[in-house]
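Here's the structure, in structure tokens; my notes come after.
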Amino acid sequence: MTAQTPLGVAVVGAGYWGPNLIRNFRNAPDWRLVAVVDLDLVRAQEVIGGSAEVLATSDLDEVLAREDVDAVAIATPAGTHRALVERALRAGKHVLVEKPLADDVGSGRSMVESARANDLVLMADHTYCYTPVVQKIRELVEDGSLGDILFIDSVRINLGLVQPDVDVFWDLAPHDLSILDFILPGGLRPTGVAAHGADPLRAGKACVGYLTLPLEGGAMAHVHVNWLSPTKIRQMVIGGSRRTLVWDDLNPQQRLSVFDRGVDLVQQSVDQIERADRAAATISYRLGDTWAPALPEYEALSRMVGEFAGAIREGRTPRTDGASGLRVLSVLEAAQASLRARGALVEVAAETPTLELIR
Amino acid sequence: MTAQTPLGVAVVGAGYWGPNLIRNFRNAPDWRLVAVVDLDLVRAQEVIGGSAEVLATSDLDEVLAREDVDAVAIATPAGTHRALVERALRAGKHVLVEKPLADDVGSGRSMVESARANDLVLMADHTYCYTPVVQKIRELVEDGSLGDILFIDSVRINLGLVQPDVDVFWDLAPHDLSILDFILPGGLRPTGVAAHGADPLRAGKACVGYLTLPLEGGAMAHVHVNWLSPTKIRQMVIGGSRRTLVWDDLNPQQRLSVFDRGVDLVQQSVDQIERADRAAATISYRLGDTWAPALPEYEALSRMVGEFAGAIREGRTPRTDGASGLRVLSVLEAAQASLRARGALVEVAAETPTLELIR
Amino acid sequence: MTAQTPLGVAVVGAGYWGPNLIRNFRNAPDWRLVAVVDLDLVRAQEVIGGSAEVLATSDLDEVLAREDVDAVAIATPAGTHRALVERALRAGKHVLVEKPLADDVGSGRSMVESARANDLVLMADHTYCYTPVVQKIRELVEDGSLGDILFIDSVRINLGLVQPDVDVFWDLAPHDLSILDFILPGGLRPTGVAAHGADPLRAGKACVGYLTLPLEGGAMAHVHVNWLSPTKIRQMVIGGSRRTLVWDDLNPQQRLSVFDRGVDLVQQSVDQIERADRAAATISYRLGDTWAPALPEYEALSRMVGEFAGAIREGRTPRTDGASGLRVLSVLEAAQASLRARGALVEVAAETPTLELIR
Amino acid sequence: MTAQTPLGVAVVGAGYWGPNLIRNFRNAPDWRLVAVVDLDLVRAQEVIGGSAEVLATSDLDEVLAREDVDAVAIATPAGTHRALVERALRAGKHVLVEKPLADDVGSGRSMVESARANDLVLMADHTYCYTPVVQKIRELVEDGSLGDILFIDSVRINLGLVQPDVDVFWDLAPHDLSILDFILPGGLRPTGVAAHGADPLRAGKACVGYLTLPLEGGAMAHVHVNWLSPTKIRQMVIGGSRRTLVWDDLNPQQRLSVFDRGVDLVQQSVDQIERADRAAATISYRLGDTWAPALPEYEALSRMVGEFAGAIREGRTPRTDGASGLRVLSVLEAAQASLRARGALVEVAAETPTLELIR
């Protein structure tokens, strides 16, 4: 395989999300779409629109047996991920999998270990991380523009469809958590998770939810997800020791603002100042400029499939690898446990020590 | 005492808030300002601006002995409230007291009981409750415009002065809690309190805080207070079964919006529908008009001192009575306990059963 | 022809706008797309995507000769409209034509007269008029909610492509003018037009433009179009004697606001009041509620092709008929004359007295 | 007179604006308030609040005769300015005068010439020019951050009091015009003025107004003033060849935004490119960052009285001198003439060639 030859990919699942993957694999120079697999063969055929170059089939084994399929993208319900992913890995295929990675941490961990054992790429489709704005935020965190992260407050509320199978945490919070995992140095590794949910309509599940995630070093992340809000808000504030960033996703004219404003704690000898005045004496304010960086325009999914190809070709961990998907899943599972424990702070399942790199 | 004669009032404490009270008592037809008391006599004299009609003194006993003083307004630090209030009550004076009512629930409860025993008005200066917008919100809750309350989300964040003596909960949340107490039918009586705080600057106290307050019937209130945010947000969303309201205090052109939008849960027999489709089948959406009621313009403090006079003259409980202040205080104290217990849900101290009416 | 049988339509011009028309005619139950005509046959074939049911051709005569073609939609450059429209009318076809109706008033008037002489529908594709928001605005004007119209201020500014062939007036103002024509009772009939343009980049044409349109009865409409603005604004304020409406097209959460606020002039006898106080005495303010009506969601073009079918079937004038297109064109031509006359107020060419109804 | 000694000032006129001047002169270290003059002696006394240090009088001559009065500030109706200013100048006093400078250009010119002849400072109280935001805008224009100015669009609309004596141009446009004069290099010197007004309420004067001001070099300024708008907008867009600035005065969180966005016209040989493609070929876009500079906080009037003192002490022209006031007045008078001429472009009265410097 050289960089010049496109990689062959098969998409499994032609339902809600599959067609988006299919369109992006088709348009990507790195990829050749070889097959679309769906239990509903008619659906698979419809999605490829009668093209003779792409195989529509309901037989996954047929596809996994093909030499010209280098990778498989799984866009089926979470409960089916583990079995499908492990079949693909056993067949020697690299795998991209929809979020959430699985529906329990045990399955997720097994998938990550299988990929590692087979020396194959396992990537989580955390699409949001590949948007221009989140890429820029990661850059600003990495290059130190924000300083140390002090707090992150994320709000994702809207009049949303009450889902039949999942609560508001599993429906909406994966977006926030995958973004947090992407931008936090070292990934999302909270020291605990507390979840509070409300079900005021008696729908049988939380429709309003709050996640509190204490981080190392005294910082805290907090997520508000809500299906019942008549106003739509998608906003994340990332407070840093040097600068603070506000991402307002519904303001296309100024999606990202970086404030050179903040509170500084000046280190002084406690002896020098009276105890009562201590805080006042050691706190100072910066009220500097605001800056809204220009963001390029591209489709997040196209960049995501590019990263998948890059990781395969270069034999490296992709930016949103299986371990990342597993960290998100672990927080969701801990949140579930906290909900059952009336909001008590719950520990997040330890990752296996070998997750970090695939080879 | 007839409705025609103004009531006599003395203001105790000429510091930060006292002058606002003094100005409003002076301008109110219901009141005659008789005296200003401050340990710093010069300060008291400055505040009255050399008027011969008002006594400036540092001797509270002298003032409490006067027949022409019907009421005392206390604007001193919270730690001094109990002693001052009880002295005034013993002298037969009605009392208005700054928030928080006291610095611990025991003191607050004692003050409320003393007022009751002496058949005197004890009122908490929850100024925000007397703003045009909060008055309107209470009206909309009372007349059923919102239906049952499903959730309340309140955000009060800003680059704020890190206070030397209190954390961000005690500094900012009393505003939100007193408003919640004012607008919730029956007052703020959460079934528990969970508090999460962060001190990422190592200032020795929480600078970022979240309060979760489950309410009877499955509803939930949540409060976000933050001293470290470069953007100022003061927003409250009150989701109801009929309509939802958004109060954006920083948008003077449309401070209050009422959305005739929401999610309905249609009651159906579970037998009639397959379990999997149940939620989908029984949820429906309303996407109706938005309405922004015109708000009158007046100063909240002037309405507050009017309510104080009205309660005294009519021998009735004021709208923000001592019991209301005590409920706010109880939540703050429970929040403190929750913080120490790493965010565990903590019960709120029971009110005494006799708080409801002063006579 | 019965209401049950779809009408046959041919689209002429498969360039920028044609494909949108084609898609909407295809999806409309009222219509059957019979043919797509383009000088570039390959382009016509591409646009229909290899469908066997639609004829792709470069021969307009072949299409006009067909019995199953009831109507023709013209989506070619403005300079070609007159000849194409008149050919189609002579062949007995109803015609829909892109805006602007023509590139000069003489041509436009001739087209309108030909349609009338042949008793055929001539409709202008003023797409914006069929959006949910403009439909609602027309409704509010018609039902008297706004009262008499006092002023209209329309702003349409953005960083726009400097067009090679037209100035900013011809590029952007047709949107505003066609909307004004649609919502003003009796259509857009200003008593004059004054146009001011600036070409600060020396691009050879106005890139910033202002149109002033005095209306009967002392009202005034004003339009600001601008290719050089870094912020995008699309806002129209319609001031009425009863209420005032603000349409902010870039605020999807509250696109339309109706303010029950305004200034009233109370009629009084001049003798009764001193001259100096006259205005003060006779002006009063209303500061009532704001109301944002819910808007349905549909595609404007689909409603537009529905109106075209309705007008043909019912033998009536369509809402945006040729006369409407001609009024917009007349204002644009007068604006051009005003620009040449350094902004002097220029009269708008009289319409022929017979334009009103097609039969 | 040394820099250490405060200058003595008398304020003439204790009506609407006078008290603001009085407060600022009192607080300024540069000034000593010596007297307040008003025909209504009681009013003058009230305003100084019984201070023994300031003279309250209705006798201007008494004040002008005093040695300790260096300067006089005139806050009376525009029609009285000329006589009062010239009396003060004849008495050797420096003069600050409310806007508009006078009620006709002839009076204004005479005042400016008198000041010059007497070698005294004549300053116009263009308060807005001393706000932090306008000071910053001037800085950005002066230091070349914006490049050449291409267009300026100013909107100042609100539900306003219909004034008994002036129309909407004289009431509101002086703000915009004085700001334009302050920020444009060389001051506001339009090549003509076109004014369009509407009086749809039949109030006897324009309540809605538009001013078009072509500038040297193809640029254009435009002002929209309106008493009938239910929404309040105070926005100025200044388009430059390098950057464009938006000042939104009702957004305290981001009052000023500087966009590194714009349209560039690349100079090319016309021979090299086909005429039809010319514009497309030579236009390019910049879509850079947005920047919101931090603004200091201070009261504009305090800075204004500081500038008045500075000009007197240093014997220099103040930033908003009489000539500036005269240019604003000339535009207003030309606008009046244009209104009478149905919006025709009217020339602005020439300034006398000697206005530039007072000494």
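Labels A, B, C and D are assigned to the chains in the order they are written; within every chain, residues are numbered from 1.
Rule of thumb we're sticking to: a contact is a pair of C-beta atoms (placed from the backbone, for glycine too) under 8 Å apart; a residue touches a chain by one contact, two chains touch by 3 or more.
Just so you know, these numbers come straight off a predicted model, no measurement behind them.
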Chain pair showing more contacts of the two, A-B and A-C: A-B
Chain located farthest away, centre of chain D as origin (C-alpha): A
Centroid spacing, where centroids are CA-atom means, of chain A and chain B in whole angstrom: 40
Distance between chain centroids, defined by C-alpha means - chain A, chain D (Å): 54
Cα-centroid distance, chain A relative to chain C, in whole angstrom: 45
Multi-chain contact sites of chain A, meaning residues that touch two or more partners: 231, 257, 261, 287
Residue ranges of chain C touching chain A (in the complex, touch as defined): 231-232, 250, 253
Residues of chain A defined as touching chain B within the complex: 148-151, 153, 157, 159, 161-165, 192, 194, 196-205, 207-208, 210, 212, 214, 217-220, 222, 224, 226-231, 237, 239, 241, 244, 246, 257, 259, 261-263, 265, 276-280, 283, 285, 287, 342-345
Residues of chain D defined as touching chain A within the complex: 254, 257, 260-261, 287-294
